[in-house]
Amino acid sequence: MKYTPVIGMEIHVELKTQSKMFCGCPAQHFGVAPNTHTCPVCLGLPGALPVPNAKAIEWTRLIGLALGSTVNQFSKFDRKHYFYPDLPKGYQISQYDQPLCSGGEVRVGDTTVRLRRVHLEEDTAKLIHAQNMSLIDFNRSGVALVEIVTEPDLHSSAQAKACLKQLQQIIRYLNVSDADMEKGSMRLEANISLSTDGKLPHYKVEVKNVNSFRFIGLAIDYEINRHKELLASGQTPAQETRGWNELKQATLSQRSKEEAQDYRYFPEPDIPPLTITAAEIAALRQQLPELPQAKFMRFISQYQLNPAQAAFLTETKNLADYFEEAVKVGRSHQLQPAQLANIIINKKVDIDKYLPAHLVKLLVKHTTAKVTDKPQLTVWAKQAMEQNPQAVTDFKAGKAASLEFLLGLIMRLSRGQADAASARQILLELL
Amino acid sequence: MAKLSAQQVEYVAKLAHLSLAPSEVALYQDQLSRILEYVGKLGQMNTKKVAPTYQLIDNLANITRADTAKPPLTPTQALSGTKTTHNGYIVTQPILNQ
Amino acid sequence: MNLNAVITPVDKTKQVGHKDLFLTQGVKTTAGAKVLHNFIPPYSATVVIRLEHQDLDTAAKLNCDAWAHGSSGENSDFGPALNPWNPNYTPGGSSSGSAAAVAAGLVEFATGTDTGGSIRLPASFCGVTGLKPTYGAVSRYGIIAMASSLDCPGLLTRDVSTCRRLFPLIAGKDELDAISQDPPITYPSKTKLKIGLPKEYFISGIDPQVNQAVKQAAQALASQGHRLVDISLPHTQYSVAVYYLIQTAEVASNLARYDGIRYGRTREHFGAEAKRRIMLGTFALSAGYQDKYYEQAARVRTLIIQDFDRAFRQVDVILAPVSPTPPFKLGEKIADPLTMYLSDILTIPANLAGIPALAFPCGFTPGNLPIGLQLMGPRWSEEILFNLGETYQSLTNWHLQKPKL
């Protein structure tokens, strides 16, 4: 039997706004004393009313634009009802049929993973399970949460991890969330099933509570195997929610009986709708920074870097900006981008410690031994002269700048390794 | 519509997190069925071309607040109505998970 | 006589009675319900704070139907308030204590909420003035929510002039209530108004005493040069059905937070009426039924709103009775929920349309029980209603009568 894994993901990302989604409480909750960042609204006290955070709405639309989604001109909030101690109102303010963004995609290698939607909602409180009781901390209750839903277009744990990594990178580039899986500012649920006939299977298993890329890979692989075995023996995997158990290195069922939840969605009566014009969407699009993929391609072509170097340097926007600043400064010291790339990557430069200008200064001072080997320099010099006969003519006609031009070419051909003084001498001799 | 079954009433009560005594189930079966029959008459109206009204807000839209943090309640205030607390946490019955 | 209008006395020397849905910081707030019997809020409602800024402080927390569910005060978990004109009769609800306290002179004025008539009905039954403002004119922040798209915090006063004077103190946009607004429009003042009399509000089931008192009031206004116009609001008959689907759905949702974990008691302590509405609302929103019940009701709501839009192109205000009957006896309607729901048939439409309505006394039954009427206007037309109400009260003295206590 040939099985094709069918995987879709729901990713939740905590926005790093100053205040919460529907109230003015500080949104910071990691490492904060319990129930010290709460108010009537996020505690769900009688009489409290929600007022949405403008920044959170803007950032959700930015995420959508960065992911190629359509920013919907009309959107609203809805109430999603269920009872759980971490949900103070007995409903979560979320979005149902008119989310802020629809569609979008993430390219993972050759696969295009379609996105269904990007929407905005409020986070729940934190539940801590103790011996005979559960403890609730409402500091996290009401924090702005973006939900990204993919179509079931993934077919392996490797693809899923790659997709997640890309989403994480893009979101970090936008500087709207730390998207840290270990700290919980990025969480995910995967829906997994196996198809035997190329069509969407009639069941799916939800896997939750995985807080690292490694674990989601392990959990998906475990599930794929588990489903294979069940299907091979003629059984269908139960439609349920499972969690990853690190000790057992397995997924375990989290609910004994999974009933389809009836959330009784209806439009949130306390909040007017959210609208945006085409002109405003265009203006928002201008606010997007250059995204990782585009920056990667540009680094290769503009700085003559190889893909590995470009990927490393564009990992974070911070590092990429640092590199470009160093290149700018390095130009006046005849330092080539490739040189700087190598140093930054191989010497594992601490970019928080050294300013780009500082780094360049250090480099110039400690330049590694330059090539002074006469034959090698002659080869490069001759190459430079052959590639630019006009420059040779110009120099012979008295244009001194052409020498600098040819010297620069030699530096490029030698990837910065040529000793400038010796190369100049060789060049003069040849001309 | 036909009278609600006891099962239906119990299911709705479960959705609403209400526990009902058997006598209550029977009572609500009666009362809810009557009310639903009365309100169900709305189903006879042709509303295909009528948009629903969920809010009376004239043309209000995009009512938001700026992203500035404001002083929260003190933990004493936040926990003031809670019966059982523990080290600043609110206590509730244990949730069985795994 | 003890009218049981007060749940928590605060300071007899102060002026305002607050319906016990209004949160008052540090002072027990119960919503008339056992679930909240010991709830002491850490904050106050915006309306409470705005009045305090004018040195109008809390005298008492007033009795009401639990969670504002009721038209007679008999659903209060603290026992019903009594009608000061005759303690065997209900004062109307759900702002039962508010109306009784104002009529009996226990407070200078009171706050209330009107979701389906809960200010106008008790005002009418107790012979006082009651204002249901335009939906969104007054902040709902800090008021225990009943039905979010219908709740209107408002006032009960001894006369229209007082109401007019106090209304600006509580009205106006509140940054804590996203739906609240300052009036986006004003109406040009007119000396001669067209007053609509909707035929659906004077149908055969109406009590002849009520019919007569209200019609006479209309004539009194006509004698001042205003013109009476017969109009029709054809979808009135569907109001109760629409209301009891939308309201109960929102009630079920708003009461979901009462789980006894952070405050109050657990859900077994809900009374019968609350349970009934929660289940009705949950059913109306449940999978497989939402389209037929909740959605359909939202569409018919649009038709009811359009009735009023059409009417207000013909007339400036609408005049109608508040209740098809005069005040009824305690225990008279409590047996069948549907019967009680139907007593709101004349007040509900204004809530569905979000329009303002002002109720004030226009007569008494031979048994000396008050009869009231209501003026309804388009959204943001409170000034027109106040003008007409003051005119009427300059011609009559029903509002000056006081019950014998």
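When the chains are written out, they are named A, B and C in that same order, and each has its own residue count from 1.
Criterion: contacts are C-beta pairs under 8 Å (C-beta built on N, C-alpha and C of every residue); 3 or more make two chains touch, one makes a residue touch a chain.
Keep in mind the model is a prediction, meaning the values are calculated, not measured.
Q: What is the identifier of the chain with the smallest separation between its Cα mean and the overall Cα mean?
A: Smallest offset from the overall C-alpha mean is found for B.
Q: Using mean Cα positions as chain centres, tell me which chain lies farthest from subunit B.
A: A
Q: Once you find the CA centre of subunit A and the CA centre of subunit C, what distance in Å lies between them?
A: 53
Q: Which whole number of Å gives the spacing of the CA centres of subunit B and subunit C?
A: Measuring from centre to centre gives 22 Å for this pair.
Q: What whole-Å value do you get for the distance between subunit A and subunit B if each is reduced to the mean of its CA atoms?
A: 37
Q: Among the residues of subunit B, which are close enough to touch at least two other chains?
A: 15, 17, 54-55, 57, 60, 63, 65, 73, 78, 90, 92
Q: Any chance you could list the residues of subunit C touching two or more other chains?
A: 39, 41-43, 149, 175, 178-179, 256, 259, 261-263, 282, 286, in rising order.
Q: Enumerate the residues of subunit A that touch no fewer than two other chains.
A: 40, 43, 51-52, 83, 85, 90, 136, 262, 264, 266, 269, 271-272
Q: Would you tell me which residues of subunit B are touching subunit C in their complex?
A: Of all residues in subunit B, those touching subunit C are 9, 12-13, 15-20, 24, 28, 31-32, 34-36, 38-43, 45, 47, 50-60, 63, 65, 73, 77-78, 80-82, 90, 92.
Q: What does subunit B use to touch subunit A in their complex?
A: Result: residues 15, 17, 54-55, 57, 60-70, 72-75, 78-79, 86-95, 97-98 of subunit B touch subunit A.
Q: Spell out the residues on subunit C that touch subunit A in their complex, using ranges where they run on.
A: Touching subunit A: residues 21, 23, 29, 31, 36, 39, 41-43, 45, 140-145, 148-149, 175-179, 249-250, 253, 255-259, 261-263, 282, 285-287, 290, 294 of subunit C.
Q: Give every residue of subunit C touching subunit B within the complex, in rising order.
A: Against subunit B, subunit C makes touches at 39-43, 135-136, 149, 175, 178-179, 181, 184, 238, 240-242, 244-245, 252, 256, 259, 261-264, 267-268, 270, 275-276, 278-280, 282-283, 286, 292-293, 295-303, 305, 337-338, 341, 353-354, 379.
Q: For subunit A, which residues count as touching subunit B in their complex?
A: Subunit A residues touching subunit B: 17-19, 23-27, 33-40, 43, 51-57, 83, 85, 90, 127-138, 243, 245, 252, 254, 262, 264, 266-267, 269, 271-275.
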